[in-house]
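Structure first, then comments.
Chains here go by letter, A, B, C, D, E and F, matching the order in which they are written, and residues are numbered from 1 within each.
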Amino acid sequence: MTTNFHQPVDAAEVPRFAGHSTFMRLPAVTSAAGLDIALVGIPWDGGTTNRAGARHGPREMRNQSSLMRRVHHVSGTEPFSIANVADVGDLSVNPIDLMDGLKRIEDGMRTIVEARAIPLSAGGDHLTTLPVLRAVAAGRPVGLIHFDAHSDTNDTYFGGNPYTHGTPFRRAIEEGLIDPKRMVQIGIRGSIYEPGEHDWARAQGIRVIYMEEFIRRGAEDVMAEARAIAGSGPTYVSFDIDSIDPSMAPGTGTPEIGGFTTREAQALVRLLDGVDIVGADVVEVSPPFDLAGMTALAGATMMFELLCVMATSVAKRRAGS
Amino acid sequence: MTTNFHQPVDAAEVPRFAGHSTFMRLPAVTSAAGLDIALVGIPWDGGTTNRAGARHGPREMRNQSSLMRRVHHVSGTEPFSIANVADVGDLSVNPIDLMDGLKRIEDGMRTIVEARAIPLSAGGDHLTTLPVLRAVAAGRPVGLIHFDAHSDTNDTYFGGNPYTHGTPFRRAIEEGLIDPKRMVQIGIRGSIYEPGEHDWARAQGIRVIYMEEFIRRGAEDVMAEARAIAGSGPTYVSFDIDSIDPSMAPGTGTPEIGGFTTREAQALVRLLDGVDIVGADVVEVSPPFDLAGMTALAGATMMFELLCVMATSVAKRRAGS
Amino acid sequence: MTTNFHQPVDAAEVPRFAGHSTFMRLPAVTSAAGLDIALVGIPWDGGTTNRAGARHGPREMRNQSSLMRRVHHVSGTEPFSIANVADVGDLSVNPIDLMDGLKRIEDGMRTIVEARAIPLSAGGDHLTTLPVLRAVAAGRPVGLIHFDAHSDTNDTYFGGNPYTHGTPFRRAIEEGLIDPKRMVQIGIRGSIYEPGEHDWARAQGIRVIYMEEFIRRGAEDVMAEARAIAGSGPTYVSFDIDSIDPSMAPGTGTPEIGGFTTREAQALVRLLDGVDIVGADVVEVSPPFDLAGMTALAGATMMFELLCVMATSVAKRRAGS
Amino acid sequence: MTTNFHQPVDAAEVPRFAGHSTFMRLPAVTSAAGLDIALVGIPWDGGTTNRAGARHGPREMRNQSSLMRRVHHVSGTEPFSIANVADVGDLSVNPIDLMDGLKRIEDGMRTIVEARAIPLSAGGDHLTTLPVLRAVAAGRPVGLIHFDAHSDTNDTYFGGNPYTHGTPFRRAIEEGLIDPKRMVQIGIRGSIYEPGEHDWARAQGIRVIYMEEFIRRGAEDVMAEARAIAGSGPTYVSFDIDSIDPSMAPGTGTPEIGGFTTREAQALVRLLDGVDIVGADVVEVSPPFDLAGMTALAGATMMFELLCVMATSVAKRRAGS
Amino acid sequence: MTTNFHQPVDAAEVPRFAGHSTFMRLPAVTSAAGLDIALVGIPWDGGTTNRAGARHGPREMRNQSSLMRRVHHVSGTEPFSIANVADVGDLSVNPIDLMDGLKRIEDGMRTIVEARAIPLSAGGDHLTTLPVLRAVAAGRPVGLIHFDAHSDTNDTYFGGNPYTHGTPFRRAIEEGLIDPKRMVQIGIRGSIYEPGEHDWARAQGIRVIYMEEFIRRGAEDVMAEARAIAGSGPTYVSFDIDSIDPSMAPGTGTPEIGGFTTREAQALVRLLDGVDIVGADVVEVSPPFDLAGMTALAGATMMFELLCVMATSVAKRRAGS
Amino acid sequence: MTTNFHQPVDAAEVPRFAGHSTFMRLPAVTSAAGLDIALVGIPWDGGTTNRAGARHGPREMRNQSSLMRRVHHVSGTEPFSIANVADVGDLSVNPIDLMDGLKRIEDGMRTIVEARAIPLSAGGDHLTTLPVLRAVAAGRPVGLIHFDAHSDTNDTYFGGNPYTHGTPFRRAIEEGLIDPKRMVQIGIRGSIYEPGEHDWARAQGIRVIYMEEFIRRGAEDVMAEARAIAGSGPTYVSFDIDSIDPSMAPGTGTPEIGGFTTREAQALVRLLDGVDIVGADVVEVSPPFDLAGMTALAGATMMFELLCVMATSVAKRRAGS
């Protein structure tokens, strides 16, 4: 362990409800410089077409992340010992102006990327992933492993709006931010607008794995395919909390019954091991529709699961260099 | 597609929270004439012995059904293209007078049946199924596929009351509305009043499948048996939301832990394919005990799943005629 | 009574939880033609800077307005007998695009105004009042009686955004839609950004009545002044639900303690009698933060109070013509 | 103090959340024999026309009544020292059968009356007051002091139903249980069905005091009149929780804004001093719509306020005899 | 059936929401004398390090236990026919003083044990199990089958506090109350403080079965091992409600995603058949964080499942003696 | 304005839901050095005898305090311009050990006092005021102005416990921390344990003003007396949120109906002007029982009202020196 890495407050010393609320009780820092992984909030739901509220996601995920401890009980990973991690605060946003909101998020994220920290962000709605990718994938398209109930590759809404939380991945592909042949979507389900709704995605080369296929095959098999699709190149991981069942994640804007259990979601993320993750997010946690912090806890725990995989990868890279 | 079929409002044009609330955003019509399938509310919980509130079910199921889209993502069914479907409103009810309530529901439902529309109703408590069957099964007993935590074949309550939401199927059999040899109950669980509580049902010929048997055998096997039991005759499908686990459907009056997941419930209903459904319902959604519309969403989605199966059957019949 | 006026469903015949939900259980009509007063929803919160959710306001105000009956118990007004009133549905909105949202609302409202119906709208956030005024006050500035915790005459937010729910009245004055000398704000309270925050408003001639002044003087005195300020010219009435105390209207986005009681709010609105109201609204009801429909009920009742005053005015005008 | 009177559990010894839940932490007894005042629950909402749930009222009022202590802080009354009071449990009810429900309540209440205990009941909806009066007023009509938002003197609902929570006092007068000339209603408000809706009540001689009159005159003046109306004869006091404002009593089925504050309600009940109370109730507490027990606490506290007045009266009578 | 055993109130006679609330609607008795199994509440959360509220657990579990009926639908067990069971009320507690709280619970539980009744308690936080074991295991260490998300074998908190709900089993082993070689923990999961956090437990001989191992092996296999570990000696069963997934048991203080489904939990407890249970508990139900009684219902149902196993054992012992 | 005073984040630049949550959006600092007024959280409810949860108060009051702006709209006070104010975080607490908790709070508060900052703390339950007074009143007794529903001068609970949230002021007087002749309690109400319950307080010289006296006299008169009682000496102000009515502050542990309106509470605190405040607190905000942050908002606003009075006093002192 590099002893100067940031360490979380210990819940056996300071109770979880005490102290300023930060992601995983890590120090709040004002710059990503020196960090391996930057935990960052994006309190913005400007792209939401149904129930808003994901703007409140980062605050509640910070609160609930006080339940995270230092060591992963299965893998044994100690993320805060093998990587330097801190809470860099929330990106600047604009709840009123969609285009300005996109720009602010991109600019904020670019600062993190330029500091050579890998971002792990807490949304915000899924449209936040677009400006994040503009910063993270600048210069070269990335692979994408996408957990979601919805494909989010629609074209336009409300008579021509190209930017909503239902369209980020179409835009990202059009902008060359994602290599669609290195993209996989897992957990897609629920009724669709048109029979060919996922044709465009498939035509780009995206592999769309419906929930029903996941149920048949299981996490191991599906993730083996996902890792093969992503390959060894830089890959972004986007986790929409509505991929999890609404009973376990009620606080979200577009719930679909029949989702992942949290056990399945944990298994899926653990199987990301070995992927070269250049950024990740957990999005669409909407506290106004939640109960007792349940969804924010699920979101915070998925962030911890992602962090463990990411920190392991950071440590390997450091060891290898 | 017969272009003059009613079509839902498109959520990519009008947001889901906008406009008058109808089942699946279909037009509200004043008569079932010309419809293949009539979506109808029965806001009545006069038979409820524990927590009331199912009277509010239709309104909330309408609200949450705005999340339904046009196409089933697995079967590809486009129910609104192959069948004429609309929202015929709520049946007349009487929250104060049980016998008058039963009569009003029967009368209202008879109008729909006489218009040759197949009813898919949103309850209301499970006693609503009795007057519905009086209209739907008039003249010939029907088969019945029944998803529920409870058998609902008790005899009387509170010193002799024959009509409660715990007794509809005993009454329906006594009245010759159901052919008990063509009846199956799936998902039954929870403690019971007396050791022989289900003896009467079994003695009539009803096949009672406990949750534990379902867990062992799985949806495919159980539904193969259910389809065989129902046979090719006219069959009614009754879906009590409390068959689903309380974590996924907390808004109900008599919750029992250990229920179906929504994934299992969807699988079960999809396996109704081929059954000659002459009517169906989703009952016992009780919004006062719900969170963020979760149970109403589960109920509305089960209605959509049922609708897809029913519309397919309608289309086949039309094609065959 | 003109017998062909639209009449509400009677709760002694059809229970309040039954039937399609419309404002005050009036018929849903597709055009404002022939109406004296058009009840209309504006499900849009694109201007909200803090907690969103007012987009869900119209639906819940419709639901709770089922508690309204036919006659005002104090004034004896029978609004549905002296004016033709109906629910014209929701205006078209765009939750993603602020400028398009403003335009859609203006266009929709213009259709109502051109049909010579007086609009009584249910928001939506307070920015909706701007496009409404663009339609209602086209051609001549109107007086404005404004109940609110906040002045909503700020200039810009988030680095220059001119359109938020904190700015509609500054914009409306700049656009010549309001005659600021005929404008009064009642109930203003809570901490402010800058010492001179209300100087601009006062410099325009707006009369700003703080809650503390209201407490000292009482409703009668304050409304006598308000009526004098508005004078006999055409006047718009805007009622922000956050003028009411958060205990009585918790479901709102920017609550301020120390507000009106609902009794005071009712007294204030009843004292509008004699004002030439050319349009009115109740805004900022945000159901995701509400309890058991309490705020929506307060909003719906304020709509009924406004309606009684407006219908009386309509009847007088008709009698006078 | 008669030392063998029942005493409540002391919260300084046993915390309020501990132990079996009874009214005011008094012993649960199986018979009213020997009691001066019997606290009794009537868990029945069979007469409810809108939102049900008052059936759960007694249980929650018991829970919240654990916050009551032994002495009234203003009057100094020690009800448990000057009267023998206990919790006699819940009356037998029937949630399914209205006529049987009415009969069971009447029979149960008659047992209490015949034991010469004065009942203070926790409803249940307001229809429960009818069978209570049948027991309490058997043989001679009583005076009635009635706190409510609604007059509850309607005739019939839903095509002729004479028994609902909107009709108990018309039925009671028709049955000769109430002397309408000794009856007063306080707090009536909200829109009404017909212009002459309260004409029948007034024609019987009932004094109807609207909320607006109460606001003008205040509690002292209004209650002086009420006491004069009731006179020295036996009088029943019926307190509908919806007389209190929905912000302070959200858990009820037919809320009307603009109600009493709890301070006003307490003042009103304290001014019952000297009235010969032969029975009293607190009705329409509906926990499913409540927050954190707030309404049940208001109901339990109103029961305590009533109890103090009733116990004082009992003590005076005993002293006088 | 021994006809003089206590019997629950029948929900087909008295509705579930009526009457005083006791565990499973059994009589409230003042002494455990004559009972085979004593149902008892321990309303105390003095050891809670995060969110408090388990002090309210017994009251709500009593309320929700009204949904239990007389017969187990799978095993056919009729616990109230083969064992004498009653509700002995709540133990004396002290919410302010931890050491006095521990002593009161131990003393209260000793009274039950000395009456030769087997306790089945409703917590309360998990620290309550320590004083219970002091009474139950007095004189000889017991085996322990422990269902939980957390091992609860930590050493100290907050600078040296030895008694918290995270430490009871370490203390119990140190005090010789548990034979660690006859102890198994099932369902352990979630991030941990230190890499060797469970080393102490394992070093004592405790078998720690992580959730992931349970998922792989299933209930049958795991419980076969658990029964072998417990052997034929006296064994205590401790069921922490947070072993169940937070979606099914949100009302708890230290939720961890990825828990047992209630179906799995039921299966696990049913497989306790044959174990010589000398006491059992269901702990950590915290109603302030619950929805509509869902967690309390899960807790009450687990109590019923435990009761059926315990009653069977009691009956066998009686038959054998 | 001293330009180097800490300034809050501007909500017109950064939305209220964004950024790390601190009191009034001020900087989080690690030491009170250089501050005039230190905002500090005390997340501890170890003295709570009924419903716990005040441990979560500071976090939610921080969240809701984001609604505070820079200027008091009535007095024109700009607290952040005339005093140096910041958020010094939460004091160290111990949720498990009452005596250690008291010591930690006293020690933490002493550090603030020794840095010559005036503390304005957010509780926590009312027992926190005792250790705060030990630090603030060290060396000389202070006057105390106390807003509360309860006198909190009881002696012991649960068989002799001297330290609970019902006893802090008796202990503080016994310890010589308060000059009881300079102490006044305002808003006391609700039933009491014993007839002479407030005799001890009065015997010490405490002036106890019941709610009923406040209603008669009004805020101006009562506060004139309160200021006279406190005199010109150093005075502590303790504001229990349960002094406010439960409808406006439902999130608290021992609610009493009939409380202050928030308007009254604001008026009372504003009339503290001129008092030499050496410390203040807002206690007993318990988020688990709250709705949509309503109580925390009331608490945060009362903190802002107190801050304005305190900052004015600081500025006067500075000007005078």
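Methods note: a contact is a pair of C-beta atoms (placed from the backbone, for glycine too) under 8 Å apart; a residue touches a chain by one contact, two chains touch by 3 or more.
Here the structure is a predicted model, which means the values were calculated and not measured.
Among the remaining chains, those touching subunit A and also subunit F are C, E. Fewest steps needed to get from subunit D to subunit F, stepping only to touching chains, is 1. A count of C-beta contacts for the chain pairs C-F and D-E puts C-F on top. Of the pairs listed in D-F, A-F or E-F, the one whose interface repeats that of A-C, with over half of its contact pairs matching by residue number, is E-F.
Subunit C and subunit D, compared by their mean Cα positions, are separated by 38 Å. Per-chain CA centroids place subunit B at a distance of 41 Å from subunit C. Distance from the subunit A centre to the subunit D centre is 56 Å, each centre being the mean of its Cα atoms.
In subunit B, the residues touching two or more other chains are 15, 17, 49, 51, 55-56, 95, 157-159, 245, 247-248, 289, 291. Interchain contacts (touch definition given at top) occur between A-B, A-C, A-E, A-F, B-C, B-D, B-E, C-D, C-F, D-E, D-F, E-F. Touching subunit C in their complex are the following residues of subunit F: 10-13, 15-17, 67-74, 76, 78, 245, 247-248, 261-263, 266, 291-292, 294, 297-298, 301, 304.
Subunit A contributes residues 45-49, 51-53, 55-56, 94-98, 100, 157-159, 161, 163-164, 288-289 to its touches with subunit C in the complex. Residue ranges of subunit C in contact with subunit B, taken from their complex: 14-15, 17-22, 28, 41, 43, 55-56, 58-59, 62-63, 87, 89-90, 92-93, 95. In the complex of the two chains, the subunit E residues touching subunit A come out as 49-51, 154, 156-159, 166, 188-195, 197, 210-212, 215, 245-248, 250-251, 254-258, 289-291.
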